[in-house]
Amino acid sequence: MSDLTVRRLDPSPDQLRYVFGGGEPLLRIEPGTVVELTTEDCFGGRVRGVDDLPSRVCDFPRLNPVTGPIHVAGAEPGDLLAVHFADIRPRRDWAVSTTFPHFGALTTTHSTAMLHPPLDEVVWMYDVDVERGVVRYRARRSEFEVDLPLDPMHGTVGVAPAAGEVVMSITPAAHGGNMDTPELRAGTTIYLPVNVEGAMLAIGDGHCRQGEGEVCGTAVEAAMETVIVVDVVKDAQLAWPRLESDEFVMSTGSVRPLEDAYRISQHDLVGWTAELLGLDPLDALQLVSQAGLAPVGNVVDTNYTMVAKLPSSILGAARPYDGLHSRLRETARSYLAER
Amino acid sequence: MSDLTVRRLDPSPDQLRYVFGGGEPLLRIEPGTVVELTTEDCFGGRVRGVDDLPSRVCDFPRLNPVTGPIHVAGAEPGDLLAVHFADIRPRRDWAVSTTFPHFGALTTTHSTAMLHPPLDEVVWMYDVDVERGVVRYRARRSEFEVDLPLDPMHGTVGVAPAAGEVVMSITPAAHGGNMDTPELRAGTTIYLPVNVEGAMLAIGDGHCRQGEGEVCGTAVEAAMETVIVVDVVKDAQLAWPRLESDEFVMSTGSVRPLEDAYRISQHDLVGWTAELLGLDPLDALQLVSQAGLAPVGNVVDTNYTMVAKLPSSILGAARPYDGLHSRLRETARSYLAER
Amino acid sequence: MSDLTVRRLDPSPDQLRYVFGGGEPLLRIEPGTVVELTTEDCFGGRVRGVDDLPSRVCDFPRLNPVTGPIHVAGAEPGDLLAVHFADIRPRRDWAVSTTFPHFGALTTTHSTAMLHPPLDEVVWMYDVDVERGVVRYRARRSEFEVDLPLDPMHGTVGVAPAAGEVVMSITPAAHGGNMDTPELRAGTTIYLPVNVEGAMLAIGDGHCRQGEGEVCGTAVEAAMETVIVVDVVKDAQLAWPRLESDEFVMSTGSVRPLEDAYRISQHDLVGWTAELLGLDPLDALQLVSQAGLAPVGNVVDTNYTMVAKLPSSILGAARPYDGLHSRLRETARSYLAER
Amino acid sequence: MSDLTVRRLDPSPDQLRYVFGGGEPLLRIEPGTVVELTTEDCFGGRVRGVDDLPSRVCDFPRLNPVTGPIHVAGAEPGDLLAVHFADIRPRRDWAVSTTFPHFGALTTTHSTAMLHPPLDEVVWMYDVDVERGVVRYRARRSEFEVDLPLDPMHGTVGVAPAAGEVVMSITPAAHGGNMDTPELRAGTTIYLPVNVEGAMLAIGDGHCRQGEGEVCGTAVEAAMETVIVVDVVKDAQLAWPRLESDEFVMSTGSVRPLEDAYRISQHDLVGWTAELLGLDPLDALQLVSQAGLAPVGNVVDTNYTMVAKLPSSILGAARPYDGLHSRLRETARSYLAER
């Protein structure tokens, strides 16, 4: 591991950002670098007890802070950025979830506008036990408690958007952003399109765990200590973020309505499968139709996110980007073992 | 098992039905009965080779035949019908999938109407190997082949709709119907609302396996030999079909757009969880938000289907309907063991 | 006019129907017949004062009664039925509108399911003044009053659906039904696909007037005295209902989500325009893009309805179905003048 | 009119912008100023004949240029900006419309992703005759021609978005942008929320006319000479753009799916009506339900736009913002008369 470059990024509160696009790099790295970074939770760490209602203690639009941007040397439009998540670890022994007025899938929102008053704003505090690998759910209005498995992930990972846009960090779109899929856990590589020189990666919104869809609007929100390995694939155009784990290749789509997010993710996975296996598009469509999975990411953000998954076992020896995921995984394992 | 009533239902081709609602019972049973039944595939068994294009050999609206209706004595509006799937077994050593003009999620349809000509109509024949537990996919336009796990399920299970409606069997809605979720496999119990005296259960559309969403419009379609155990819960109102396996309780929603199907399924699961655990609705919303899964059923039928799943382990000792699923599971196991 | 056949249809309350499809004809007519018929309001006439909350006085699913079915001799699948509305006249000097729990575009519904309690159920009584051509709106919770123009229409007009379906009268779909478009006023001809022998026409849900979208869920609901002229066009396939007035040709689409209803209606209008003017489909698309109107029908029913309108002036001398609308309009004028 | 300030803004090609938000003001004005400005067409003037396919001659993302931003002194977040359109006049005797690959409501797009190849890319050239008040449509693939009424409008009007966002000019959202509604013609005032100091108004995308929905993706696109009068209302929060003409007050909503755009626009109009008439929200809902219109804006852009209209006659003497529209209209009339 002597040849691994390792960098650390631990932003101060006033260095946190709330958008993708624009701004100056907080860190500049070369491809192949390991970055150890910290992220704050989506409330900026301000919701610390059941009386800290986010609509009072938080300051819109200073929500969902991200750590970055990280400038990756040599990344240019037309390339893709590969970010392997080596480790995601809660930084505190507590985490928090809330309802939030006009946010969530089962409430009137600013988009699905209705004449109802908002639902109650309620805060749930979770105990986080990294040793035991659980978080503790406690009902607020009765005595029920239960442990849920700890399964850390990042809701928000992205790069600067195309066309000079600057987009709130709570929006998921073609540049990544707030996709809020539990698939983005340690052991997974995300592939992102590069839209500007240096790519300008940023990461935030750690979750100790999250249900599919994030139906109430927030997950088990936590500040994280995260280790990533970053690389660049030259001349590898990508329309939407893709993920790869040891078991699955995954396409994403983030748009409304939800069926269009489904269409984008499936369309991308069909094209990717056709390319990897040398299949005709309709043959790939058939294969994905029978072997694919389609878990929801989020149905609460400004765009909804769907994930389309195909077991890598079906690919035989074919692997995306010449096996880049495996190489990054191996780098990560070595680094973590020697650390 | 001496006290188990077992009935057999093996309809002739002209006894197959294509709607839910209306018509005379093909079989009358008491609650607690085991029924061994056969179903034909969604093409009526007419697509038997790659040249049997469904638009030529099939006869709309005689598509997606169902076996039934089965009249269940004592089932009345306001009750629910429980149907446990004990066994689902392909009847042939082949199965079939196709594209179909104006059908599927990645093509212009009669609803998502566009000016494109339809995609090519293509037939894929699968080998079915029950012994090895696989089906064999073969590309049509190249040499690629791969085995996929056999995972038999029924796309279509339902009862007579409310309000005197008669609905095509390809439509999923509150009465069940063509939900096309892979969760409806052997070992699972489905709970359906009873809308008419006798419930009038019907089953069809067997799949050797299916990806989530059924993106091309059809699964690995097969005629099935299926064993169910049927029961009735009195005075147990249900808005939408629910499922239960040994590992999960599951709610469904079937409507368009897809986010409304998601809302229905999540809303039902939140209410169900609140009831099972004695939780306040917002506490149940929080728990489902963090612990729930949300796989797509179908995004191709006249309504789209979402499934909302919660691990039963979270429920502690609480189980729906006084543990009915476990009892039916046990009945099924005993019956199959002794058969 | 001596050769005009005139029939009268004035159903008793127990002859009212609540579905399209199935059932015996209430009247049998020949093509070319004038029918004078009465319809009851969508509440069955049971909401007669501000204290008559529909959820109490009405009896689901006995909502939205229709008058019919009318069997039209010679109408067969593959033909179209033309129904010209000669006159629509309120039968009472009052009309009524209400909110209804879980119904409407700005409230949680059974499909757009949310955790809010329903909005208040409120009844508004309108005075109807046919002489002055106005209805009187009165606020319930303040003193405001205003006259609105009387503009009578039928929300519900349809035939028996295809494929043996029986569909609640509140559903709009390819067979017509509860489209709830204000365009369906006197002076307009509706073209409907014939799906069964005799077509089986039924009409209901009169409105003294209605805003586009019917956002609260109900219009100014009234029992009507209506005069229609009915005709058949042989071998004239139709996918969705079309309308024609002296000024516009109009296509409709009824489905969810609303953009798919828009797509259907525009797609049909593009095809219709291409056919009428002998245009290439893309040339017709261009013409409709610049000259078409797109008012909403309803965004509250089980399917949403969009209307696509093209000024007939653009068509030059071309008119649909050999000028059938003009002929029926002339028949209607003569009949009404001589009556 | 001696006290009217008049400014002229005629940007050079390299001064055109393609986003809302960010950048330096091209012009600084005081409230009450008349601005005469020019806009380029959505293709940057590069499509000048039927062989100029936009995918070849245009340079993404340099599409849909806007003129501005205009800094309005004293406009601060929490205020609203009023922009009255006094005159919109085509600058050339031709205009142009096209299909565009992966754009439009009746074609596969990047969001409604399908496996079809794109529709043909076709250009239609229009003659513009300001004297006669018509544009000339000519079919490309047959001999048909027809005059359509000239009805100039701007597809794109907006201000800098909130939260530091920079958004492509082709996107309509809460800040205005590419709403593409034919209602934005001369004689109309648009009210926009102020999100940043100076508001930063920009205008583009002139259309000689447009059908509702802009179904093919483009209107009769033209460079315009436009006269506006700009004013500020202090402390007047606005969630979404509103319009006012002499006949109507209008709310807009721009989001996907289309029913949510409908909900936003209707919800805003209900609230606005309640405020203007001192009505309870449900009374306002009832009034809008019966008296409102709901034309589509666009169903092709990154967000879809709906308009909700209420006749001003219903408001009695009540007028928004103390009759600001009438005052601006009068200023505009005087200015144009004396010019």
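In this document, chain identifiers A, B, C and D correspond to the written order of the chains, with residue numbering beginning at 1 in each.
Operating definition for what follows: a contact is a pair of C-beta atoms (placed from the backbone, for glycine too) under 8 Å apart; a residue touches a chain by one contact, two chains touch by 3 or more.
Keep in mind it's a predicted model, so treat the numbers as computed, not measured.
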{"item": "Common touching chains of chain D and chain C", "value": "A, B"}
{"item": "Of A-B and B-D, whichever chain pair has more C-beta contact pairs", "value": "A-B"}
{"item": "Same or different residue numbers at the chain A/chain C copy interface, by half rule", "value": "same"}
{"item": "Separation of chain A from chain D, taking each centre as the mean of its C-alpha atoms, in whole Å", "value": "35"}
{"item": "Rounded Å distance between chain B and chain D, as computed from the means of their C-alpha atoms", "value": "48"}
{"item": "Length of the line joining the C-alpha centres of chain A and chain B, rounded to whole Å", "value": "33"}
{"item": "For chain A, residues that touch 2 or more chains besides their own", "value": "106, 112-115, 119, 256-257, 259, 263, 266-267, 270, 282, 285"}
{"item": "Residue ranges of chain B touching chain C (in the complex, touch as defined)", "value": "18-19, 21-22, 60-61, 110-115, 162-168, 239, 253, 255-257, 260, 263-264, 266-268, 270, 281-282, 285"}
{"item": "Complex contacts: residues of chain B adjacent to chain A", "value": "97, 99, 105-106, 119-120, 122, 124, 135, 137, 139-142, 144, 146, 148, 209-220, 256-259, 262-263, 266-267, 270, 277-280, 282-283, 285-296, 299, 304, 306, 314, 316"}
{"item": "Chain C to chain A touching residues, read off their complex", "value": "106-108, 112-117, 119, 257, 259"}
